Every structure is written in structure tokens, then in C-alpha cells.
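Structures follow.
Shared between the two complexes below is subunit A, which pairs with subunit B and subunit C, respectively.
For the complex of A and B:
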């Protein structure tokens, strides 16, 4: 859920970063990707790639396959930046714990119509570990994972209005919560 | 008996839901007479057997568990065991942050406690919301949803603090009158009987289940039973 500092770094770094091993692997399969500045993982630098939402299913299935074996989905997280909604997938390999990969799907805010939620394809149908993570993102950040079998709020009550971790979220003042009407939230 | 005031006070907003029979007035009269004799004995007995409910939602619950163990031993003061069902308990120690999602469950638990029932609001979170006061999901004080008898500040309070709160609660129980408590009984609020999964009222849901059961062909239901 934390915002990562790549956005600030990318301004200083050169724009074109050559593809890493996973980016090359996906390119060989005909899936386009952009390499972003590396994230920092437990085993040093981690390759971070951005792919188009429509390629997500194919790409995730490919890197999970026998060749690369990124077979453990550490987490699915969501990030709201100033102009995009990001859905971030952290992958790890059971075979070699030094292998890590971060896949990002970015939905520009400009492409999301007023009153609609940003949409990203769900990977739950073939990767059940993502089920609750995606529900959490939907609950707190309002990213809609289409194709999810049961996209319901996970943490907040069913009758919650809005998505509380969004930048523009305002907590309504009511009987349970009225002590700080001028708070920063 | 004629000079005894038999007026039973009911809050204005609940008058339509409460109907009083002659029996109620008779019991009220008897209570008034017997109260003075019975109250000291009953309160003494009651104050020395305040059984708490096992209810812990975060770190305060660790201290609450500690006070039940042999080092501090809350059963020395008559709070013999932590009961796992509200039907067998007299008191809730609200140990930990109450979120908006937990609030309906806590209200239900409180309503399920048999009278007389008591609440100790333990820790900063249940008194004011604590350090989560500014959060979107936290109830800013448990006294917004259920009545509280003793406030026990601390983050979390030491086990000795819980014992002190219990002794204060016992003092309170010894000085109260059953008749007064009975009158306050009507001031209870209603529970939200809502199914958390669907958001439908439980009554509606039960009606739907009944409907579906009637529509089910009898042969299929027999097969299911035998399977």
C-alpha cells in the first residue's frame, strides 16, 4: 500500500532503460513491456516492468511457467499517484530466492470516466492467491478487477461509501466519528 | 402499599413499543418493598461474581489475558473465569480498538448479556479512539454504542489497573438498587439485525430461505438428506 519512490527517481534517470531478462523473455513471446527503474527487494535490485492491462493474463501465465518459474505471488498492491492508478504485482520464485520481479499495470486517471472506477483484469481465475489482495485494493483504493469471482469489500463494512485510501477521500462526520471535524484526513 | 409510587418511567420514544400489564405494576410494588431488604445481600453476592466475557480486539486483550493468569489472578476478586458466551457473562471488558465493522457485533454481544450487565471500557482506544482517533474506520469511544460503567485509561493499562477497575465496578454494584436498574432497562437501544455478508435484514433473509425451501422439489430434498 505504500507509495514507492520510483516516480521521483525516474526524472533523474535516463528515459530509455534496456529491457531486463524478464522483459526480454516477454518480448520474445510478443508481449510488450517497459522497464521502470529497479525497485529494492530482499535480494538487492529487482527488475520492475510495466505492461499493458490487456497483456496481464498472458504475461503472468508466461512468467509463472516452467521457463522462468516465478511461481509465488507475494502480493498485489495498489498505488495512487498524481496521474495514474497502479496495480502492482510482486512475484518470487520458490526455486531461487534471489529471483524477484515486480509487474505494474498503470491506468491513467485521464482514461477513467467521471464516476467510474479504474479497471484492471483480475488474475484470480488462474492465480487464487490474488483473490483477497484484489478485494482489498477494490475496498481501499477502488480499483475494479474485472473477472474477479467475488469482488466485495474485504476490510470495511458492506455499506461503506467511497474508498478510504484515495487522496480525495473525505470521511463523513457522523455519530461514531465526529471528534476532529477539521482534521487533515 | 397504597402510598408506594408505582409510576414506571418509560422514555418517550419507546412508549409505543412497551405495554405494561397489571403484573408489571405488581412486580414494581413488590420490588419497592423487598428492595431495601434484598438489595444489600443481592448486590454483595452479585459484586463478588462478576464474570467477564472473552472479548479482546487488540493489544489490551494481552493484558486482559495476563490478569486471568496465575500471576495476577482476577478470580481472587470473584471474576472467576472468562466465559466464551455472553449468555453466561455479566460484564464486557472492551479490550482493544473497536472498528466500525466490529461495532454491530459488539452491540449484539452487549444485547445478549443477561441483566444486570456492566461494561469496563479498557484502554485509550475504547475511551476516545486513542491514537486511531483520526482514522476513517475506528469508533471514537465505545460509549458511543454501548453504556459504559468504568473507564480504565492506559495504552494498554497494566493488569493491576484492570483489578482496580474491577474493584471500582464492585463498589458501584454494591451501591446500586435493583429497582433503579430495572427502570433503566427500557432505555436500551435496538440492535441492527443485519446479515453482514448480504447487507439484508435477517428477517428478509430468513423469508427468502423459507421461500427457496418451499420451491425446492421434495424428491431432490430427500436425496440430499440421504446423501
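For the complex of A and C:
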């Protein structure tokens, strides 16, 4: 844990990375994006871009369209970093095996009010592949995908308290916990 | 109620027969009923609960309730070292443990920039294709049980699967939770005499597949239960992120081994099985999997011929002749013949960065999205499981299907519930 802030700082130092092909494609459509350090994929380095949450619908629809054909949404995953909540989208193309793109929506922790959940727009209404992935991330990390038609817990029971993958998660004292004096065990 | 559309003379049916087809034709409305199916249903091969909204016998809406087998694999990844976590991940998909190990190992190796010795890569391909055969054989047996073929047939796939499991046990020590593919290579060389037994299996296995096909493929009962049932169009499959045999049976020739070749697959000659115009139904998925059995068998046959160093006996002999000269490019004891590029211990660290490098498992694209901060534990591991995405399409396939077809459709997707729930 002690090494992490230094690594994060050094990664953030180069502020201006020139736009990649997908960043340029979105810029031509009037959608702003920031290029992040490349991640690793099947074809070596993969372009990784950050998009503002409000532009997500437009960006995903454009990238999925007939020009770039990024029509394969592999997964939606949530990541908790030291100061942001990230929603990460991995995109491939079914036809062109060289295409790969990682899209991130980052919600700064400072912008989330106490007791509220970070909010990211849901892409389920036009892309059903995201449906269960978004429900899972809501369940485990507490990222609220607004606009989702059925945002309920997927892995945990419906009455579970808290979001287990968070760093500040406290395990509830329940019937199976030895610390509970009323435990059945 | 549109009474004018009712037929003038209703067909004479005995009063106890409630024909769904008749109700459909006559546009009779019956009360919708919500029925719970599972979580402990014998045909779900795990614990899946389906909340069915039924109109008579017709399914109008399905809500799968998953998570009964949730073991918090992702939480465990953040609280265990890489070395400890490796032993756990075979449990993610217990029928294809080689692939889950490989998915983690491959992403870590790409992040670390490790180059794996060729012999280790060939051993990985051999083991994982064997595992693919065992997985498909188990699916074949249990699917026929789901369809009602309780006696006789299911023993044949299980008999042949047992031979492969014995071989896998001989090399890794376990029948299903292999923990054989490690970060940086594989666990061990196969024992003496192992390759001969594998060759024997590879030579006899095609005739076994002929037997299965003779019994099942053209069987009238099987055709009635599967033809035209659970039709998944290409567009539907692609919008839900479906991969693997389910996608290829719908006419999309997407196979990671060919499309984004990894390991030594470019050196091997094999076909991608993709069926166009075969109905995109459960029968097509069956055909696709059986054809993949043959392809996997061919891949193993080629790998046995091409593996650097040959069989374990040949390798041992060559090393004795060469007296372990220690040269890196030596054809008898060089680096290509090693099985591990980096000695593993509990202090293994992965370079900081993030990556997602999947493999093609028997069910589709399986991979881990790893965020590493350079320590001995992962900052975050998110799994992309093929069963998870494939199962999410089930409610679409069941709309309008009779209740008897639920297990026919569900079985044909080949879902492993621990793979869904993690």
C-alpha cells in the first residue's frame, strides 16, 4: 500500500498524451476524450481513453456504429482507485481482429457526497450485453448505473448491506459470524 | 375478447386435455402464473433459480436469479498473493480448470513481458485441448440426460472422458482442479509413458465420436426436442456478447484461437467450426460441439508430433547424451525445452499496469481484467466469464417457448454455474 501513491503519481506526470485513432474519431464527432496510458491486450498495447460520463451514450453509439464496428462489448468492470471510481468498458470487434479499445468513465471520490453512490449512465438500454455486468458492479462496488432498467443486486442477496469489494467495507455481524452473540453456531 | 376470431366449430378435445396450441390458436387468455424453478433443479448442473411467468404452458418472461454459488473470487484475489490465488481459480469453472489458470497466467505474463518456452506452450495447448474434450463430453452426456435419455447413452461420453481425466491426473495430480498452468510456464513434464497413452487415445477417439453421432444426431426424438428450439439469431447473440460454440452455431466464425492467435496455435492446422443456415438452434449448437471434439483431437495429434524435445523419454535421453551443456540454444537441453521461464515462489510480483488478455475456453472468451500496482497482490481482478454473458441471453430465448423446452434450451448453452457466480 505504501508504494501505490508514488506509482500513481509517476503515471500521472505526463499530462498530455496525444490522441489515438479512436480519440481522434470521437473528437471529429465533437466528443471530448483524454488519452490514458495504454493497457495491455491481445494485440500488445491498447488505446485507453477517458470519457466524461455525460458523453458516454453518444461515444458508445458512435464507436459501435458502421464506421468503426466496435460491436463486441466484452465486459463492464468497476475499479476503485485511491481517488476515483472507474467504470471500464472493454470493446472488441467481431469482424476485425486487430481492433481493441478500452473506455473509462472516472468519477472522482471528492465529487461523491457522503452516503451517496457514484453515478455513471447505464448503456443497457441500447446494449444488452452490459445488463448483468452493470448489475454486478452495482452489487459489488456500489457504482450506480442510472437509467438501468432493473438495477438490483446480482451476486448477493437482495437485502445485503454494503458493497463488499469496497475498501471501506465492513462485514456485517450476521447469523453466521462468530462475533455475533446470537449466532446459531 | 375477440370472439369473432374463434373457429366456428371448436375441435373436439377431451375435457382433461389442455392443449396449449389450441389456446394459442383460439386466442384464449389464461391467467399468468409465476412459478419458481430451482435453485436445486437436477438439470441445472449447479444452483440456478428461474422465476418463470407462465401463460398456461407458455413462458412469457424469465428472470434468472444467480449468485447462489458466489464465493467472492474477486475479493479473494485482492487479499491473497498471486501464488496463493493461482490455486483457487480452477474452481471458477470447474469443468475447464486449465483455461481459467491459463487466462490468469496469460494476462500476468503479458503484463510482465515474459516469453514462455516453446515446450511449455505446447504442453499448455495439449492439456487445454484435452480439457476441452472432457468438458464437451460431459456436456454431451448430461445434455442427453436433460432431454430424457436417462439410460445407456450417457455412459459412452463419460467412459471416454474418464480416460482423459486419468491422463490429466497423472500429469497434474488432480482430476479436475489441475493447477497445472502457472504464471511463467507449466507445473511439470508428463510422466514416463504418458505420451504413448495419449497417442492411443487420440487414435481411437474419432471412432468413439462416430458412435455418438450414430446414436444421437439423426435420432428422431432428439431432432424433435432440438430442431427449431431456442433459435438465437446472429444479431441477438452479438448484442449480448455471446461467445464460444453458441455464437459459432449462429453463424459468426469468431474463435480467439484463429482471430487473435496466441500461444502456438498459429503453427497448428485446424478449422473454426461455424454453422451458417443450420437453424441457429439447439441442434446446431450440438453439431458445433461435436465437430469441435474432432478438431481438438486433431490439434492434440499435431502437438504430439511437433512438441520440441518429443516425448518425456526422448527428452530424457537427449539430455543425457548432451550432458546438460547449458547453452541457451542447444537443441537437446536449451531454453525452448524448459517448462518454466521463471521460478515461482510466494513472493512473485507482477509489474504495475492493467491488462485484459483472454483465452478461448470451451464456453467462449474467458479472461481476467487485472489491475496491478506492482505488489505481490492484485489491486483488482475482474473476471469475464463466458457462461455469465451466455446465460444473460436465456430470457430472450425462452419467450414463447413451452415449459418443456426450458431445459433443452438452457442445456444447449452449456452454462457452468460456478463460472457465472464466481
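Keep this in mind: the second predicted complex is superposed on the first by the 166 of 185 C-alpha atoms of A that agree within 3 Å, B and C clash if a C-alpha of one lies under 4 Å from a C-alpha of the other, contacts with A are read in each partner's own complex, and residues count from 1 in each chain.
By our rule, a residue touches a chain if its C-beta (ideal position, glycine included) is under 8 Å from a C-beta of that chain, and two chains touch if they have at least 3 such contacts.
Keep in mind it's a predicted model, so treat the numbers as computed, not measured.
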Is subunit A touched at more residues by subunit B or by subunit C? C
Look at A:156 in the shared chain and tell me whether it touches subunit B only, subunit C only, both, or neither; answer first, second, both or neither. both
Once the structures are superposed on A, label A:146 by its partner contacts, choosing first (subunit B), second (subunit C), both or neither. neither
Looking at the overlay, what does A:164 touch: subunit B (first), subunit C (second), both, or neither? both
On subunit A, the footprints of subunit B and subunit C overlap at residues 155-157, 164
Show which residues of subunit C lie in contact with subunit A when the two form their complex. 66-67, 70, 72, 74-75, 78, 107, 110-111, 238-241, 252, 254, 256, 259-260, 262, 352-358, 365, 367, 369, 371, 373-375, 379-380, 382, 384, 388-389, 392, 421-422
Where on subunit B does subunit A make contact in their complex? 100-101, 103-104, 128-129, 133-140, 144-145, 196-199
Could you please specify the touching residues of subunit A with respect to subunit B in the complex? 155-159, 164, 169, 171, 175-180, 183-185
Show me the residue ranges of subunit A that touch subunit C in the complex, using the header's touch definition. 1, 3-4, 7, 11, 39-43, 71-75, 77-80, 88, 90, 94, 97, 102, 127-129, 131-133, 140, 153-157, 164-165
